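See the structures that follow.
Note that subunit A is present in both complexes that follow, paired respectively with subunit B and with subunit C.
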Partner chain A sequence: MITKTAWKNVWRNKVRSLVVIASVAVGIFAGVFAVGVMNGAIDQRADDIFENEIAHIQINHKDFRSNNDLVCNIKNVNSIRDQIGAMEEVESVCDRLFVAGMANTARKSVGVNIIGIDPREEKYVFGLYKELEPGTGDYFGDPEREELAYIGFDLAKNLNIIRYEITDEVADQLKTAGLPAEISGGIRKFTGKRFDNEKSFKKAMRSVLTEDQEKEYGKLILETSQTFRERARFTLTFVDINNHQTGGVFRVGGIYNISNSMYESSYVFVRDHVIRSLVELPENTAHKIIIRLKDVDDTKAVTMKLKSDFPELEVLGWREIQPDMALMTDMAEVMYGFFMALILAALAFGIVNTMLMVVLERTKELGMLTAIGMNRKKVFRMIMTESVFLSLTGGMVGMLISWIIIRITSARGINFGSMQEGFEAMGFSSHIYPDIGIGFFFIVTVLIIVTGVLSSVYPAFKALKLDPAEALRTE
Partner chain B sequence: MKVLELTNVHKVYNTTHVEVHAVNDVSLDFEEGEFAAIVGPSGSGKTTLLNMIGGLDMPTEGKILVNSTDLSTLKPSALIDFRMRNIGFVFQSYNLIPVLTAKENVEFIMSLQKWPKRKKDERTMELLEAVGLKDRVDSRPSRLSGGQQQRVAVARALASKPRFVLADEPTANLDTKSTETLLDIMEKLNMEENITFIFSTHDARVMKKARRVITLEDGKVVSDERRK
Partner chain C sequence: MTKKLLTLLLLIYPCLSLAAQDAAEIVKRANDKINGEKSSYSEMKMTIVRPDWERTLEFKNWTKGREYALTLITAPARDRGQSFLKRGSEMWSWNPTISRMIKLPPSMMSQGWMGSDYTNDDILNESSVVDDYIHELAGEEEIEGRLCYRIKMTAKEDAAVVWGHQVRWIDKDDYLFMKAELYDEDGYLVRTELGKNLKIMDGRLIPTILEIIPEDEEGHKTVVEIEKIEFNIPVEDDFFSQQNLKRVR
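What follows is the complex of A and B.
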């Protein structure tokens, strides 16, 4: 009966209760949705790291990470790889050569990590081959072309391999994409002119676009106008195992784009036997053995086993390779909980205020209830239940709305295009697919109940202090 | 059998400048089944006396025994429990819970005592029938007239089968017809269930029905008249 009365009491002053419910709903929606976006971004980043950058476990020579020296390589790599590949938890395994060097074109030189890979084996461990920018090549598709390299989008921009050009075809594409005629007319004056880098192209566009037009259509124009120098040539220079300066001429066989500008600008992939012969590394050696597991949760156990099987090598799980990501995923739930607790703490003041008004308005009624035999515990419970109902109703509405919005946006994603550079500089995609586990809704529900209970404590104590005889005299 | 004994009861309120003697050396006994009215002008101490009998207020001096229990010896929680089981209250302004129906208002006290549902339903219907509101069980107080609300209040007061009912000016807000109906119902319940009724009133109609009339003046009993 107390629960039923508390629920009915919530609706005694409909407008006031609806205002509180709405504020809780908005607060919870904002919090849950923001957490959904953050969680989606972190999950995407984690997936990208496993899929494109580090996989789950890496093995290298004990001194490789500190020296980064070609001689710090793993011997008998084929047998080690076969042994690891036979483990039940392992899905696939590959090895890589790592050579520090410079990528050079006629106009630019950029420091890079040159990775020697077997493209066929790599496909089983990494999904980087799927990130090929359309029209830029075919990921080592031509077995006859030994000099092919797979480079990142940002490196391609830095080396001026990506250019910008307004052609009639580009103008038509922009028109189809919805570019207004007056803008289209303005940029047509650059037809036939080629821009070697993004900076000079943007400068030219600014001369014909207003600030608002640039904000709205700048990215579309930039992306549509991109052209690639097919099979563009560039050189890679480095030192060989004997510390002699050497290098080779390579051609771009494909450009990958993974929303991590730092990775894109520094990792160049070439065929392992090509780089091996250039640096004069012996056969059956590698700098890293990289392992993809069937289940990422087995990382710790498999790492421990490999450490005991290969004590002379350094075995690193993804947490040790990317400690910042490990910290982020470990702290994520705590951070989300803390974030929601902060929002609820702010909302709690509104609930306390409402419940204080409730006690004040019902002084006489509370006096009557005590007079007819409702003890302090039950009075406390009734006020507490009312406060919990008030916050929980708002919370449920907020969670329902956020769940619906997250469901919709998780399918389509949210494009933070205007902040793309900032996101990609941190390794995050600017197109985020919000996502949140059902467990988080459970945590939020518990937090809402706790907020409701805590918000009722002071008003309930006020109610308990009432003298029934005096309360009954109030009008 | 005595259900209530008041011995040399005093109640003094200390205000900033003066000491107000609201009840002054009152000694009274009430037998089971009495239908008594405490009368007197405003400020004579009727409500204060009723509050002390009901354990809502404590005397400054003297002793009140309800069913041989000295209320001043009970802890606050035990006192609330004692009130719930032994005393029914009817208030001048009805004081029903506005969000509950007539039935739920009557059931409320039984729910606090965790009565089984069937027993609770039977008792509620029996009481609402006794006060003539069987057809208004699902009406909220706002849908009932003042007289009907006070009848629900009487039914609620009797719900947990108390030994006596204290009614503070129960007819003050009622018209003549509603007053008569209410008094008839209370008298009938008094006769049939042998429940002691003690009213505070200055309503002549209530005084006329009462079988005992105690008159207070300045906190003192000036007359105690029993009628047949």
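What follows is the complex of A and C.
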């Protein structure tokens, strides 16, 4: 009975109620959608970490992480690997060699981590081979060429392996991509000149483009005019196990492009037996054994088991390797809840205001109700229910809209192209697919109800304080 | 039939390779000329030219064979006393202002030495102009008023060199490197090296000025001038030690 009356009361002043409901709806939509975007970004980062960067569990020599020395390697790798591979929870295992060194081309030198891999085994653990930039190679596909290397896109740029050139073909491509004729006329004057780095190319572009034109088409021009020499040659230099300077010549067998520019610019992959013989490491050794599990949630249990199986080695779960990511995923739920609570707290003031008006407006009516025998508890409950209806209706509408919009955007993603550099420097993709679990909507619903209840307390007390006799006499 | 073919091949082969052999021989002789001395002591001046500034370093240099070298900077005052030691393929540096000996890591090998266009890698000379390239005689040209062989050197497929090819001009009479152009894999010029001002020093004719001009950086240049050089001085192996690196004056 009370519920019914409360619902009817809400719609007595339609405009006022609708304003409150709309504000709650907008607030909830903004909050939920923002959380969806954040959550999508974090999920993608976690996927990247598992898929491309660290997998789930890594094993290394006890001193490897502090010394990073070639001699801190795992002996007898093959048998250890087989033993781990036989475990039920393990999907796949691979091992890697790590050598710190320099990559050099005729123009540039960059410090890199050289990683020796067995390309076949790698594929079962890491998905990095799928991130191959089209047209740059085939990821160790050529069995004849032993000295191939798989390098990151940013490293290729830093080493001037990727260059910029305006050719007739590029001009045609730009034309079909919708570049206005006056701009293409301007940049055509650079035809035939090769720019070795992004900086000099951008400088040249700036000389013919206005600021607005550059903002709009700069990225398109830059991406279209990238050129790359197949099987480009570069040298890697490093010290071998006896601390002698050594090195070798390698050819680019592919360029990978992921959303982590730090990783891209520092990790170079080569065949393990090539680097092994160059640094003179014996067979059957590796610096890291990397494990991919069937289920991420087994990480802790498997880590514990491996720790007791191999006490002389260091076994690390992904949480220990990437503590920042672990913290982020652990705190995410709490953070989202806190974020929503903040928005709702602001909305609560609006509801309090409306409910106060409701009470003051209906002084006579409330007095009458008490006079004819409705007890104070029921009055209190009626006002509280009204307030909850207000917030919950708004909340439902807001959640429905945000759910629909998240569905739509999660299919195609949102591209923050202009902020790509900043995002990728932190390891996040600039193309975000918003996503949020259904559980979050329950949490939000509870929060909305709590907000409704809390913001009715003060107005309801105000209603209780009314003296029925006096209230009846007011006009 | 097979035998005939083989004989024919054997006969032709020396003729084919004669030209190549020649070019390789020329480079080898020129290379022996600069690296062939038992030991040397020299005083040099290096000027680093940049678009908006220029600075000059002076240093003393001891070498023994290709294995050992020791360099002491004598001017300007700010860098005085800093010294470098090369033993084989390794390099150390001593900095007296912070009293620290540093073994140069690979990361520093390819950076410019003392901010010049000379890289530490050039000094260590890991790659060899003789072994790592295929040589080809490509005519004769006059450089600095002297007739030179023009030799095109293409990097061998598996050689650990960053260059695609080089063109070197070698003096016909005295086998001196007069000019070098270093190209990347796509045939773009990256760096030019020039030998100038031929003089007789300690009984030998040598270019006393060496200029390095990087191509894609406008206004950059490094000039090394040899002020004094003595060949085959008596110097022991243990002169090139870490202890001496700190002591040397």
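Rule of thumb we're sticking to: the second predicted complex is superposed on the first by the 475 of 475 C-alpha atoms of A that agree within 3 Å, B and C clash if a C-alpha of one lies under 4 Å from a C-alpha of the other, contacts with A are read in each partner's own complex, and residues count from 1 in each chain.
Everything below uses one rule, namely that a contact is a pair of C-beta atoms (placed from the backbone, for glycine too) under 8 Å apart; a residue touches a chain by one contact, two chains touch by 3 or more.
The shown structure was predicted, so the numbers you read here are calculated from the model rather than taken from an experiment.
Colleague: Should the superposition on subunit A be reported as showing a clash between subunit B and subunit C, or a fit?
Modeller: Fit - subunit B and subunit C, as placed by superposing on subunit A, sit side by side.
Colleague: Name the contact category of A:T237: first (subunit B only), second (subunit C only), both, or neither.
Modeller: Second partner only, subunit C.
Colleague: In the superposed arrangement, does A:R229 touch subunit B (first), subunit C (second), both or neither?
Modeller: second
Colleague: Quick one: angle from subunit B through subunit A to subunit C, Cα centres, nearest 10°?
Modeller: Once the structures are overlaid on A, subunit A sees subunit B and subunit C at 160 degrees.
Colleague: Would you check which partner chain A:G40 touches, where first means subunit B only, second means subunit C only, and both and neither mean what they say?
Modeller: So A:G40 meets neither subunit B nor subunit C here.
Colleague: Would you sort A:A106 into first (subunit B), second (subunit C), both or neither based on which partner it touches?
Modeller: It touches subunit C, and subunit B stays clear.
Colleague: Quick check for you: in the superposed arrangement, does A:G452 touch first (subunit B), second (subunit C), both or neither?
Modeller: So A:G452 meets neither subunit B nor subunit C here.
Colleague: In the overlaid three-chain picture, which partner chain does A:G398 touch, first (subunit B) or second (subunit C), both, or neither?
Modeller: Neither partner.
Colleague: Could you look at A:G27 and tell me whether it touches subunit B, subunit C, both or neither (first, second, both, neither)?
Modeller: neither
Colleague: Tell me, in angstrom, the smallest C-alpha to C-alpha distance between subunit B and subunit C in the overlaid model?
Modeller: Once the two complexes are overlaid, subunit B and subunit C approach no closer than 81 Å between C-alpha atoms.
Colleague: Intersection of subunit A residues contacting subunit B with those contacting subunit C?
Modeller: Residues common to the subunit A contacts of subunit C and of subunit B do not exist here, since the sets are disjoint.
Colleague: Across the complex, what residues on subunit A touch subunit B?
Modeller: Contact set of subunit A toward subunit B: 1-2, 4-5, 8-9, 11-12, 364-365, 368-376, 378, 468-469, 472.
Colleague: Within the complex, which stretch of subunit C touches subunit A?
Modeller: Those in contact with subunit A are residues 88-90, 106-107, 109-111, 121, 124, 126, 158-164, 182-186, 188, 190, 216.
Colleague: Within their complex, state which residues of subunit B touch subunit A.
Modeller: 51, 54, 56-57, 76-77, 80-81, 83-85, 88-89, 91, 95, 97-100, 104, 107-109, 111-113, 156-157, 160
Colleague: Where on subunit A does subunit C make contact in their complex?
Modeller: Touching subunit C: residues 100-102, 104-107, 109, 111, 147, 194, 196, 200, 229, 232-235, 237-239, 243-249 of subunit A.
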